[in-house]
């Protein structure tokens, strides 16, 4: 494609001011879905986070890994059961979760980013007790070794970020009795972003963003969200995601973004263009900058 | 103008890697010609150098100011005379040169950049003896109080640059007897760029760059320059400019650029696009990056 | 002159303790009058401020320049008009004020101090927005582009002072709309001294100090000043100067001095002798140290 | 047990001087064998390395994990084959090796040390390209994805050690094509100890040390080793271990120790008693300190 | 003596955790009695304080010196008189006290510690006005030039301690009129320990500690002390020592120890064994750690 | 005395430039003779060294103390014997020398300087092994415990000087066997000045300086000294002093001064007046500045 001089100038004038604004700021990216599975999307993701890190943004990646866990658990003869959308995790299953998330998924992501010279390091919540959690007690039933995060060791993350290293975090945590706990990756990303008082928390998933019918909402705030949920315009599936986004905003994250991981370089476009390509979620009504 | 998502991605992928590469590097820009006279070009120049400074480039501006000097000298009843293209400068004229360059042109540029929040400070060679010079002795005739730079006080420039301040320099110098000397702005820019071991020295002037006939040469090195000069393809007017560019390259500047100050934002386009919009001058044959 | 050993000892024992006390302290000197016009006084002034800087005092010079402005304005065909003792400044006049103060007077002082190796740098309020001002609205009439200082960029001054550089400041400021404003040098010196919480603010002018009839008052405080003004002993001409001195004292300056710029080295003598040679103005009754 | 006052004094006088000598020194421990399998030995190991870290020694752990790899590979239906004592590693096997070593063994060790508050962090050679390797080409046969270390990223290890963090390293490396390679843990420990110019490299294994028949050799140097090997006193099994120990000594490690991992607290006893409990290997003949 | 491996392990596991806990903590030791007189005790004392300093404890020694003062005073023809247990000190006696304490006792201790490479420096209260005191006015009689400490120059002590130097302090002070005053060494040690907010204040004297009849009390707190004093179990001689210990605890010292200077290495044993060898004095009831 | 304004200016203009030149420079003063004995000279000496320290000169005092040693030795029944002008020092005498020099003379000087707020600290060569020496072996006879300095612990002196503390040093040293040695104060001052690469080494004694007959020599260099010694103009008594001065100059001291300690404030006058009041000794012919 050939881009005209005029178009180039326009894009630069639009993008460059953001760079200064984001320097030394922290972005937490929840990485999952197609972007973590398809070969070319994995590649552009690794490329994008490396570019962002190199222009001075402190990048933190939190990943999921459900598919691979289920696959290997099955091969090892363990059956998977979900309770309210969360994996029931007994001790043998927890061993598999730890092994696959921390040993396979995590290190595969790290290896690919480092092929692009991204200086990533793979971590899980057991390392320097990065993530502490308590057992999650659902009102009904039992989830087994599933936890909710109570504390994030930001000192270690700050050490890495301050030295130009990109942490890639597998969402398992240490419990109050020293037991290993499985934690939800979306929620872990939110807890980490809050603890680091991040500039942005970005959810990469397999939808374009928050939709009003077939139309993408570019920017949404709490009152607007309430109205659209009440009027049924926003589907039930999006409700818990929006709730966790507003929680993060209340805990000190400045903006939450939901973007389409299936679009190549969507991360760059969301960050460096005024209109963005997904939905930005803010506390108060605000114009898209 | 509406730029497509694809085009935006392309421009960003092209531009972003340069940013990291230029961070903390020094660019010296010789500012003059139309870009210093026309209102809208003055405005986009101030905007561009501020953006460049804000993304971490250490910007230094060296300006000329011939037209304003002539104008005010005339009003004060002094006649202007040029010897070999250089202004003959007796003491009354030197007083006018100092007053206009350091008090009017320089501070006007500073004021405009600071309107864009560029944190500029105006200097001339008398400040902390920034520029020391010896009297220029042409083979024929006499130029009066005209000097050639022998020493640049880089310590002070480094202090300013290291503290995020943009020096804007009027090309007058202190002579060996303490007298004030007029120095050529192009040559002053080269001397300052060399003393700071700059990454880039950019000449903004009223031509598109080095031309081979009616075609712009994107990149030129010394052997190629020699051939084109010998074959008469490059006009005589460009020869001294090329010579001073090669001098700067030999003294430690990494690249010299000649770009068209009449094109808005040409500075940004030269720096952040692979092909550039003017001519880059390099020591050895090299592909345009 | 030959000074006896005994006299030398006495002067040293008197002077040396002051040195320690003033180290790393800031002195703001308002420079004007004869000391800025007569050749030998200019020379001893440059010598004195350099010595003071070299023994560790952080020197700041604020200068006026009325005579030169009037002279050049006249040559350029502009007529000068004063309103209540302040120059009426329309746009053409402001251009002349800026050009002369920042380009001629300022750089001439800088050049002379640097001939004594004083490491001075010339500044005006446009540089890094050093001085911000609002338009002065007199009760009667109109002063044009005349301002009163609202903010001093001390961060930049501290950077220079902390690196052993002596700022020499021309009293022009940037207005709220980005316009250039003329400000009174005496008042600018007071504002700068207050912003820097200076140890001393010294006014060099063409009178011996505050006089009680024909006798010099060595030290004066507010109650004493009030009495002498009421009883008519202190003339009306001195009243506004005293008022601005007391303002400076209230804003954090420790002492204000009014000394005779016509006496060679009066600056050194005021500072390093117990009795001083001018008038010191203090908040509370205090013995001359 | 009750220890007499006299005995306590003696032990203290013996142990305390070592502490000062070891402060801020680096110890690399190769962890494996029974000490990594039996519950109470795992516990005393975690306790010992934590104590050593807390008194100021910079501890680095490098672990093996053969048994667990074989076990899980088997469950996943992969058969294990050894070539010359090294595991033949094709791609599916390498995936298992990575997953088990980096996800299970490594994080289990980390979790246990952190239960004792040892501030450990689990790493493998993929993290920030900690370990770079080239494919090992045996003279005969093919080992598959097995590598020998060519570079250790000491900068990252120094960052962790300098901030009081204990790296626990799984011996897998990144190859020249970006492929993941299996490396021998003993050799990896030696390469890391050399790269860090460690004070000590300690091999914890299931033998008492180097034996001369049934008697433990407390200290051995190269000439002595040669004699004993030639005379057949030292068995063939020990020869490669001794060779790698001497290699480490030549590359800057000060001392190598071989101690019995089956004895509780053997690590502390070797380090804090003059006679030690295993074999120390030194370059030149030297008295046991 | 041969200590078994098991016993060694036990002592190390007991001692090592203390080391970490005491690093960079300050211990003030009052040195006197037999430990300062008998050759082999002097030697083990110098050895012990050097070991403690080398493992990172900030050691401060405060010494007495009664016997030597009396001896030399006698030779110089001055008679010694005690008032309520304190030496009556007129001017000639004060000269002797200063000369002997600061010139002989102090420098002898320093020299011996430095033979063990302990980097000690000898000080008295006159140096940088380390100890300021006011004249002690007993209710009855007159003590002459005897003072009680009102201020300790901790800045200087911190400078030395922070640079790995061990201050050895002779208990003389400067009075409010500049006169030299004799101060009680026990009380001086308490004042210095309080001023430095020491971890420990250790009194080395010629008794085993606080005794309940013939049995050593290992740990005592204020209520327990009161009971035992009231019931006459603790003898009157110990009462003032306990009082000054409780004063020190109230002023910020964490623990006071009274140990037997006649037992070799009692200092090490008290500090590095759980039970200790003397009496520890604490504010609140507390288990011996 | 009343000094005229003109005289004051002259003295200031003469003195002030020296201050800058001496800031952060080290001066070693050998203190002895009348200046150490007479009450008013002791007082002006303490005053002068305090002023010099306060204006930023790093002052080091080295003192003698012969008279007091002899006096107290006598009272203690020891007879004094001199060999070649040096005190014969057996063990009992060495104990007296240490006690008197380090405990009496040294601390008396310290106390007086500190009364003027000079922040002095008293030291001898035993402190942190400040001065190491070997036994002096004269060609004839035996001097006993007399040493010549082989090493000065400048690290400790630099620590004190860098923290604004003035070391006052008693000339006793530690020998190679740990024995205490008496060293000549003049030579000790030279060794210390050399080790610190001092700007000045000043000998305060009871003569006006180096005399040529009855006339004071203001400045002398080596060739001039040789001529005057050969021609007998300089008396034999001065020869060894000149020799040690030239030794110091060769070892890195910039200037040596011999001044009259009997003249009040001679130290200040030598340092802050161009002509000085004693003799300056330089390597090469040089004008008095």
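The chains carry the letters A, B, C, D, E and F, assigned in the order they are written, with residues numbered from 1 in each.
Here, a residue touches a chain if its C-beta (ideal position, glycine included) is under 8 Å from a C-beta of that chain, and two chains touch if they have at least 3 such contacts.
Every value quoted in this text rests on a predicted model; they were computed, and no experiment measured them.
Listed here as common contacts of chain B and chain E: no chain.
Ranked by how far their CA centres sit from the centre of chain C, the chains are topped by D.
Mostly identical positions are employed by chain C and chain F in their mutual contact, as over half of the interface residue numbers are shared between these two copies.
With each centre defined as the average position of its C-alpha atoms, the distance from chain E to chain F rounds to 37 Å. One finds 46 Å separating the Cα centroids of chain D and chain E. Chain C and chain E have Cα centroids separated by 60 Å. Under the contact definition stated at the top, not a single residue of chain B touches 2 or more other chains.
If the chains shown are joined wherever they touch, the resulting network closes on itself as one ring, and no chain has more or fewer than two partners.
The chains touch one another in a closed ring; read from chain A in the direction of chain B, their sequence is A, B, C, F, E, D. Within the complex formed with chain E, the residues of chain F that make contact are 72, 75-77, 95, 98-104, 106-107, 110-111, 114-115, 119-124, 126-129, 156, 159, 163, 165, 174, 178, 180. On chain F, the positions that touch chain C within their shared complex are 1, 3, 5-13, 15-17, 19-20, 23, 51, 54-56, 264-265, 268-269, 272-273, 277.
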